[in-house]
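In order of appearance the chains are A, B, C and D, and numbering begins at 1 in each one.
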């Protein structure tokens, strides 16, 4: 684990492997460590860079601050600068996908290919109010209440039911985390930082070759959201994963690897058929 | 509004119009009054019977009691007895659909045709935990927290966004209700009464001609649930409403009327094509 | 069976029952007789009017003529005039739905409610070429070739497989018909009359309350076509039938009745929810 | 182009590149040459092996013979023997996917990973009759009739409409081919060889890690077919491509490359999440 400073704030990241660089951006509840199961596959033929956004993992907590996504977009730019990355492909899921989109809009020349899992073009009023429910659950400081509010909805009902052992382990790990006021405050700030997110009128300016992935049982950013993104990004390519929910990379890890690496490492993007 | 007694408990109901009788069963948060917009259409050519389940509307509140769906199935049977109904068609949505299914299984001869909107065959672990989140939100006694936890998820994101005036009115009406400890306790008991619901292994015994309606953006009892129900009920007929959420009759009221009355009043159920 | 004359051409129709009038418009291969299984249900509470378009059933064959849909729209207007119908609801499937749309655009004051099954807003190049394949199959004068070209595609694969007895009967009836040069020439003219159909830029002018029905396994006018129609007609209401193909009323006859009669006979079209 | 002999029959193949071997199996109308646009991408990091089945491309034509898929499965086994391939991943589309499935069932130890695009588990009566329509169109020896019968249905309506230049070129190339009696006879034999295809009761015996790809507008082997395959193959992974038809690799070439290479080259197939 390495780090660098942006003024008085620390940013933690991991930089492993060799080859075409891939920057992997976390969902809202995640950290660099959440990607551990994927590291071997991703670094097999690529340079893999992971990073904790502010209020995630080991990066600085922004206690008492209000901020928007822009602070994370700027963090990402600082990471590119720090690593002297001239160009990299970016993979983002959910919150990470939203930061990826904004980075691709603001720093067109730095982005090679873009992969967006379970990502929307704006925080609609419906999702905003769901976020408010998460915040209210956080204020109870009751880990189980937070778990039941935020976790079922990010899995498909079928996975949640069939993977009971896995879900039970998950609950044992998460309830203590969700009982930690510091973590809940981080989650509240991250959630609030998404409320103003809205690129629906500029998203067509993305120039990168982009893979968009929907999960058919994503009930936070349902398929319609990606239909919108896929329709507006000029060089977009869209696939759907049946039977998966919002945390699609945990439900279908081999498809996550397949889609990210297959798309980023494809030699040709245009075909004379 | 009429009522009758089951021992020391009161059951309120409305009985209007003439023609083939239709019993309309409420979703969990509803009461007989929730159907007001539909009454004129339904009683135009049919006898329309609405009823408050226990812990709904004006029927008796079961303070301090644990119960299952069976108490509501029995309430419905008492209503049939009270009205001397020999046979009626039943329409249920969500909670009401679940009671309708169980009634149809237990009282085959009393049920003419069955219409199930947004209904599942059992409460899976995923939905159970979502119910637990509602209960936890109720315990905060914070009306807005309960609203944000329970309301967005029952509408489609598009309706929630486009019908902002309607949703704002809805919020003004509901937040005070959701701040009422008595109502929140009723909701908790109703929610708990659903946890043990499971007819997945006997639902194929339903003999009634049955219309099953899915809403494509139902994120509480998603389409897969109705696929299961439609596959197992022998005389089933299945339609989907695009662009609607769990509270489908509010998002698509004319389709609700069309489907209920069209199905129940159809002269022939079999066609020699 | 009654008839009237338009100049030297005869139009055959059936007019039965009492109540709100419904005009039922045939698909391309159909005639008034094709609706026989539905007549009892439709005339139970409504006046039901069926009609053979030119080159269908007993209406005049337009041997050697090129024509467009307009000739059928005008036939329908003559029927309204002949019956002194001031207003009627119209149900159309496929070809009949296309005529219904054009009639609703040209004679707004004559149309009460509109029901469109398996209907598109224009004949796209793909469907045009499929029509050309039908015509080529017709020119072989080989009934079985025509059957295999035109029939499987109008059913869902599942229905085609599971209803083998029904399909076998259907084949025994149809192969002789499809071996009749006169019928094949009628089909060729009807098919050609659809090639120029295109209301995609004016369909939003339809004022009638409109029910649009898609069949999820319609492989001639797939669901996307009705998504377009539903999006553009202002007062549109859209449902999908899972597991049905293009000839949806034969695969799901009770749903056909339910949707048509439920929608047309609904007392209220607006609901103050 | 290399070749080898099986008794008196020649089999032509291409063997290029280095790395994990991939055998690419043609759809019914294709030949090794049809994959030309993909060769650079596929051989960038893999050994790519293409082959003409009997009655395809330059392999021997089986004039006057009746045969089943088994002859092609055996051809593939001979290719493995000829190349001394101990294990390879296999990609097949449609007809090629069917041969791939049967090869994977008969030669479990020779198959590494399996990728199935637009593939079914059996030829249902519906598809069989569609094949009969193709054969009847072939017997007319009319290239345009064959084109209109067999080509539109393998593309999505949208692609067919929007890629008019590409489709026009395609038509100019294909109509002469479809006017060639020798080619039409090959197509007839290949089509007939599929009629008896049915692995629906043994497909669960496939042991290979398998990627299944559906195209949402595939109207020859619609999504339900792959749902069946995905449900029964134990180690299956399923994705859908929105907006693509049966010839999905031509409509979405970058997704074809992404999915094939991403899946076959993924280091891990199991993830400890």
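One rule holds in what follows: a residue touches a chain if its C-beta (ideal position, glycine included) is under 8 Å from a C-beta of that chain, and two chains touch if they have at least 3 such contacts.
Being a predicted model, the structure only gives us computed values, none of them experimental.
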item	value
Chains touching both subunit C and subunit D, listed by label	none
Between subunit B and subunit D, the fewest steps along chains that touch one another	2
Distance-maximising chain from subunit C - centres being C-alpha averages	A
Residue-number overlap at the subunit B/subunit C interface, same or different (half cut)	same
Subunit A onto subunit D, rotation angle from CA fit, given as a multiple of 5 degrees	180
Averaged-CA centre spacing for the pair subunit B and subunit A, given as whole angstrom	37
Subunit A-subunit C separation of Cα centroids, rounded to whole Å	49
Shared-contact residues (touching 2 or more other chains) in subunit A	none
Subunit B - residues contacting subunit A, complex	124-127, 129-130, 132-133, 136-137, 139-140, 142, 144-145, 147-149, 151-153, 155, 157-158, 160-161, 164, 167, 217, 219, 222, 224
Residues of subunit B touching subunit C in the complex	37-38, 40-41, 44-45, 166, 209, 211, 216, 227, 230, 237-243, 250, 252-255, 257-263, 265-273
